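Per-chain residue numbering starts at 1, and chain names A, B, C and D are given in the order in which the chains are listed.
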Amino acid sequence: MSGMWGKHISISIFGESHGTGIGIVLSGLPGGIKIDLEYIKREMKRRAPGQNKISTPRKEGDEFEILSGYFNERTTGSPLCAVIYNTNKISKDYDALKYLMRPGHGDYTGYIKYSGFNDHRGGGHFSGRITAPLVFAGALCKQILEKKEIFIGSHVLSIGHIKENHFDEIKIQGKDLQNLSSKEFPVIEDKVGEEMKKEILKVKEEFDSIGGIIETAIINMDVGIGDPFFDSIESKLSHIVFSIPGVKGIEFGAGFEISKMKGSKANDEFYIENEKIKTYSNNHGGILGGISSGMPIIFRTAFKPTSSIGKGQKTIDINNNENTTLNIQGRHDPCIVPRALPVVDAVAAIAILDMIIEKDGTKWMI
Amino acid sequence: MSGMWGKHISISIFGESHGTGIGIVLSGLPGGIKIDLEYIKREMKRRAPGQNKISTPRKEGDEFEILSGYFNERTTGSPLCAVIYNTNKISKDYDALKYLMRPGHGDYTGYIKYSGFNDHRGGGHFSGRITAPLVFAGALCKQILEKKEIFIGSHVLSIGHIKENHFDEIKIQGKDLQNLSSKEFPVIEDKVGEEMKKEILKVKEEFDSIGGIIETAIINMDVGIGDPFFDSIESKLSHIVFSIPGVKGIEFGAGFEISKMKGSKANDEFYIENEKIKTYSNNHGGILGGISSGMPIIFRTAFKPTSSIGKGQKTIDINNNENTTLNIQGRHDPCIVPRALPVVDAVAAIAILDMIIEKDGTKWMI
Amino acid sequence: MSGMWGKHISISIFGESHGTGIGIVLSGLPGGIKIDLEYIKREMKRRAPGQNKISTPRKEGDEFEILSGYFNERTTGSPLCAVIYNTNKISKDYDALKYLMRPGHGDYTGYIKYSGFNDHRGGGHFSGRITAPLVFAGALCKQILEKKEIFIGSHVLSIGHIKENHFDEIKIQGKDLQNLSSKEFPVIEDKVGEEMKKEILKVKEEFDSIGGIIETAIINMDVGIGDPFFDSIESKLSHIVFSIPGVKGIEFGAGFEISKMKGSKANDEFYIENEKIKTYSNNHGGILGGISSGMPIIFRTAFKPTSSIGKGQKTIDINNNENTTLNIQGRHDPCIVPRALPVVDAVAAIAILDMIIEKDGTKWMI
Amino acid sequence: MSGMWGKHISISIFGESHGTGIGIVLSGLPGGIKIDLEYIKREMKRRAPGQNKISTPRKEGDEFEILSGYFNERTTGSPLCAVIYNTNKISKDYDALKYLMRPGHGDYTGYIKYSGFNDHRGGGHFSGRITAPLVFAGALCKQILEKKEIFIGSHVLSIGHIKENHFDEIKIQGKDLQNLSSKEFPVIEDKVGEEMKKEILKVKEEFDSIGGIIETAIINMDVGIGDPFFDSIESKLSHIVFSIPGVKGIEFGAGFEISKMKGSKANDEFYIENEKIKTYSNNHGGILGGISSGMPIIFRTAFKPTSSIGKGQKTIDINNNENTTLNIQGRHDPCIVPRALPVVDAVAAIAILDMIIEKDGTKWMI
């Protein structure tokens, strides 16, 4: 089964790329939270296609309609359902491809799992388009978290081999993260960002695509959120982050690099300053024993290159059981990383809010 | 809340390092599975300390007792509870440390979360010792999976900067994985393994510790296991793998490297051979759209160096709210990677069995 | 949190009586099930108001739209979302009542729980109208169960003090249950049914309302569905049946009467006939140790009288914190039992399908 | 799957009547709760057999050992596991019965479900003995609830046809409930209690058994606990109460009687007195719209007569597939109601604590 997640904040997503509509049901919010719809629209626009030259020129109607759980500008406390109707869907493009399994996509595994009855048009339920409702829910959670001065933000750490600086693992501030959220192409070093965009345009001209890494920070968490073992912050964040199509890796704090370190370097020593307990370094990425330490939570997510490319590819025709070749027409993002970035922010916000409610309940939200 | 996981195979772990006992309850197995207890003991011995020079000389009584769910050498279908009693526990060692927060450990976050009432002795519930019951449950699941010819195995890919070859992502066989499981130090290239062991002994002499990476393969999975979004194989495996103390990163298939690739290289092209659908390469690590493709599932897990080191470290005394220094006495593993390896196998086996039951039910197990 | 239920078949309901729309997301169905939409419409019409003199003359637009999970007349395997838009909603009626807590309704408890921010119009999320999506989902599950020759059906056992015969606990047949489903007022003895309807019309004239009992049968279940303790059939059925507004009691088999029996009478003796194991009597209601015995599952659900009545009632004004009186205008069902009956069938179908998948998986559905 | 329940307070039970041990893992309690072990022992003694003439003379070693989660007389915040070892188990009694399906028991359904591999001795996992760990967990939750002045208590409302008065649905006090808990045979009217005991002894002499009804009250709940639909108080309480072996019915407030009432009588009118909102009557049993109203929560549970009786019964030999007769030897309770009563209290306490944490978190417990 698929499509439901969460304990205190539960989400239930639905929809196929070319069906009637896609959406999400969000349960667990208390009644009375004033929602800033403009905030949500801004976040959704960050994910929407057609914003610039480096994303697909395809326009999607990402306008959401709230069906329930929202009354007089506030949450009612009942499940909140938001729908995005699929308009201007041209399904004919996909009929020729129905039995050609696109490499890198979920076409083949979905065909087998659903006995050939999945909605194949535009990837159906596997489409990146289904992340739009996640951004809706995440934007809602993100604005609630800001009431506790908790900020979540990401930057494009790398596109292919082009890489910029990491976050300052100790000093990162809320305003830095908000600043990133307002950028069209969220990087710390704009000059490196320009090179990244050039690289994306270059692979686009080659009818190819490119991958990249997103680095995310969550700051001002209280100490003591999360649990050892199965409800560790890493467990819950990785679970929801790997739900985003295209993710192949995640690491926290020093991540894979920590495997090369000695303990005397990897261990973050504690000290007290102005009655606040901190660590000198942050290789632990704000999480010790699965539980927040109060230091910034930092994680990195690796995205693969867009699976849809213009170049010819070998594949199979699953109807005739034969080898064949495939040329994908149509307009695709040469790199999903920039549009995936607000999705990472969104799912992180959902997971973090879920974990905070475990400790603090929901009264502070109103 | 902590300690419970799973939908079809549910586990509930309990225990503290120096309490009366640690254990696990395993629900969801059908009645009638013949269990090979020797198989379980072998797997548990791989995790047990005191096996050789590179692990802590401390001996633990890892002998388990099955309290329920097992009758006449078979499962009864009711919850199976196994307990490992803590014997020979010397708690005095830990009293001096009670308020000194050991860097890298869960002491500080646990102290705050549990209001100072957690069992501090030997890390309490945060202790790596709590992974012993996971190995018990995993060894049970692993032997059940072998009835479907599904094999799970791991090798030490790297210790610090010393690294050996990856698995053959296409050709890896069940006998290779079984061979690794029988090795005292599971590597593909024994020569590199010797260097790794030397490195571990070297850091031990320096009263320091070192990290490493484990690479795991799961082979002969049917196509169509797993789900898009929240129940993707990556989501469920990462969730349970990050439950293991000391893990800071996980990646599937080409992992973080895929972020540097172009789509034309990253996409694994399909072909049919002898009526079987395969891919020429396996950058997708056996998972497309969250669902198994039938190719080997391959993932890598990054472990940090052992947090307990003999070298002096700065820290705080949380009772007196003051900065201080800490010298950890006692016998610790200079590297947790070799003993963590069977734990990774174990939790992977639990998660994979859970996902297979979703599709195939439980009748094939008997 | 509210609104989600189920393990294999998961449902997520949403909506308020006078909001934009109400609906349900159904996850866990395999791809490829051909759905009979007319079957669903028939079941929904049974619940719809305005069908006859004994129900409210209010007309609701109960026409559903499927947004996802349905393609080419079959399920796709992805979450299926159906929405019923609220049309012709006249909210003004409710403004005067906003702070007057209607006795028997969830107004007061909802006001406190949601800090006064719940959508008060027409009962909001507490409205019986939210059961319409449950009937949608139940009708889908019910037609799937019929592929296994499992039939679910109910009759009005009593209205007030007027009571008809029980089901034949041993011999009840599928065609009896289908026959009941096609009746406008589902009773076994039509003559008693006429008396019941007269009683309902009588209380209607008195501006009052009346309660009743529904008896439900589920036949042709395999032996071995369900579990001891927390996943017993009784546990799961009662959980979902008590979700229906207005239910105050449930009993299985001989139910409360069994408390007066001796064991020698209550125990249902086994015998074999034509290689089939049966019981001579069915006081156990088809469930032993929480698990299906193969005999008909029979349960009875007690409904309270409609809370909205025309007669004046004492209550409080929660805004002014004072005692007052209330006269509810508007058109209400004098008895909810006839319209609740298809809702009981629906939730039973959802729960039973969920439990059968635990044992038999989903392949048989296609 | 079986054996796990709960969201905030999660329990995982295990054990078979004649296995090595039975027990429970309790997760979700915060660190630092001081536990009164004597309180727990008192509650467990109420359930234990061999206390008097009306219960089985069989002695069970119900002494529990806490394996984890408890340190220095307080909870540690980690999962708490308690085990009761099965001593003095005489299994030979049961070998003759192995293939004779005892009427009223889970023998037959368990045999089919577990393919004949369930532990048949003494009912195995279906045994009422497995409720002992539930009483352990419930006694822990019950003493925590008393910190909020929430009291839970029950009386024997009826044995067979002998019935005493109901609780005063409006005025019931904590001290009344505590008084009942200290009685050997908890009734409001001791004279009727004597008759009940006589009736039990009478059926005992007849080698028969008798059923009964338990009435339970929960007082001093805040307004606003619970949810509409699937997490209604009725849904959660009925779910866990039907987990107790032998339960065939449950009703809240006026229960089945409300089906005979008119709305003008059934509706409980509100009024304000000393700034507290109350209802004049309590037909709603303290729950409106699934949510607590602040009035006493009152429910009744119907128990069937003990299935094990000395009288001869017809049954089948499932090994030889033939009809036969059965004479159960051994010592059995002629009526399970008195010993089931503390179990009802226990599971109610677990469910109520779980629901309160949803609203109030866990900080108040320490």
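To be clear about the criterion, a residue touches a chain if its C-beta (ideal position, glycine included) is under 8 Å from a C-beta of that chain, and two chains touch if they have at least 3 such contacts.
Given the structure is predicted, the values throughout are model-derived calculations rather than measurements.
**Q** If we look at subunit A and subunit D, which chains touch each of them?
**A** B, C
**Q** Would you mind telling me which chain pair, A-B or A-C, is linked by more contacting C-beta pairs?
**A** Of the two interfaces, A-B and A-C, more C-beta pairs touch across A-B.
**Q** Taking the mean of the C-alpha atoms as each chain's centre, how many Å separate subunit A from subunit B?
**A** Each chain reduced to its C-alpha mean, subunit A and subunit B end up 27 Å apart.
**Q** Rounded to a whole Å, what is the gap between the Cα centroids of subunit A and subunit C?
**A** Distance between chain centres: 39 Å.
**Q** Out of subunit B, which residues touch more than one other chain, so two or more?
**A** Residues 1-4, 13, 78, 110, 113, 125, 228.
**Q** Touching residues of subunit B toward subunit D in the complex: what are they?
**A** These residues of subunit B touch subunit D: 1-4, 8-10, 12-16, 19-23, 25, 27-28, 30-32, 65-72, 74-81, 83, 110, 113-119, 124-125, 366.
**Q** So in the complex, which bits of subunit D are touching subunit A?
**A** Where subunit D meets subunit A, its residues are 7, 78, 228, 359-361.
**Q** Mind listing the subunit C positions that touch subunit D in their complex?
**A** Touch list, subunit C to subunit D: 1-5, 13, 101, 103-110, 112-113, 125-126, 130, 158, 160-161, 203, 206, 208-213, 223-224, 226-232, 234-236, 238-240, 242-243, 245, 247-256, 258-264, 266-272, 275, 277, 279-280, 283-285, 288-293, 302-309, 311, 313-316, 318, 321-323, 358.
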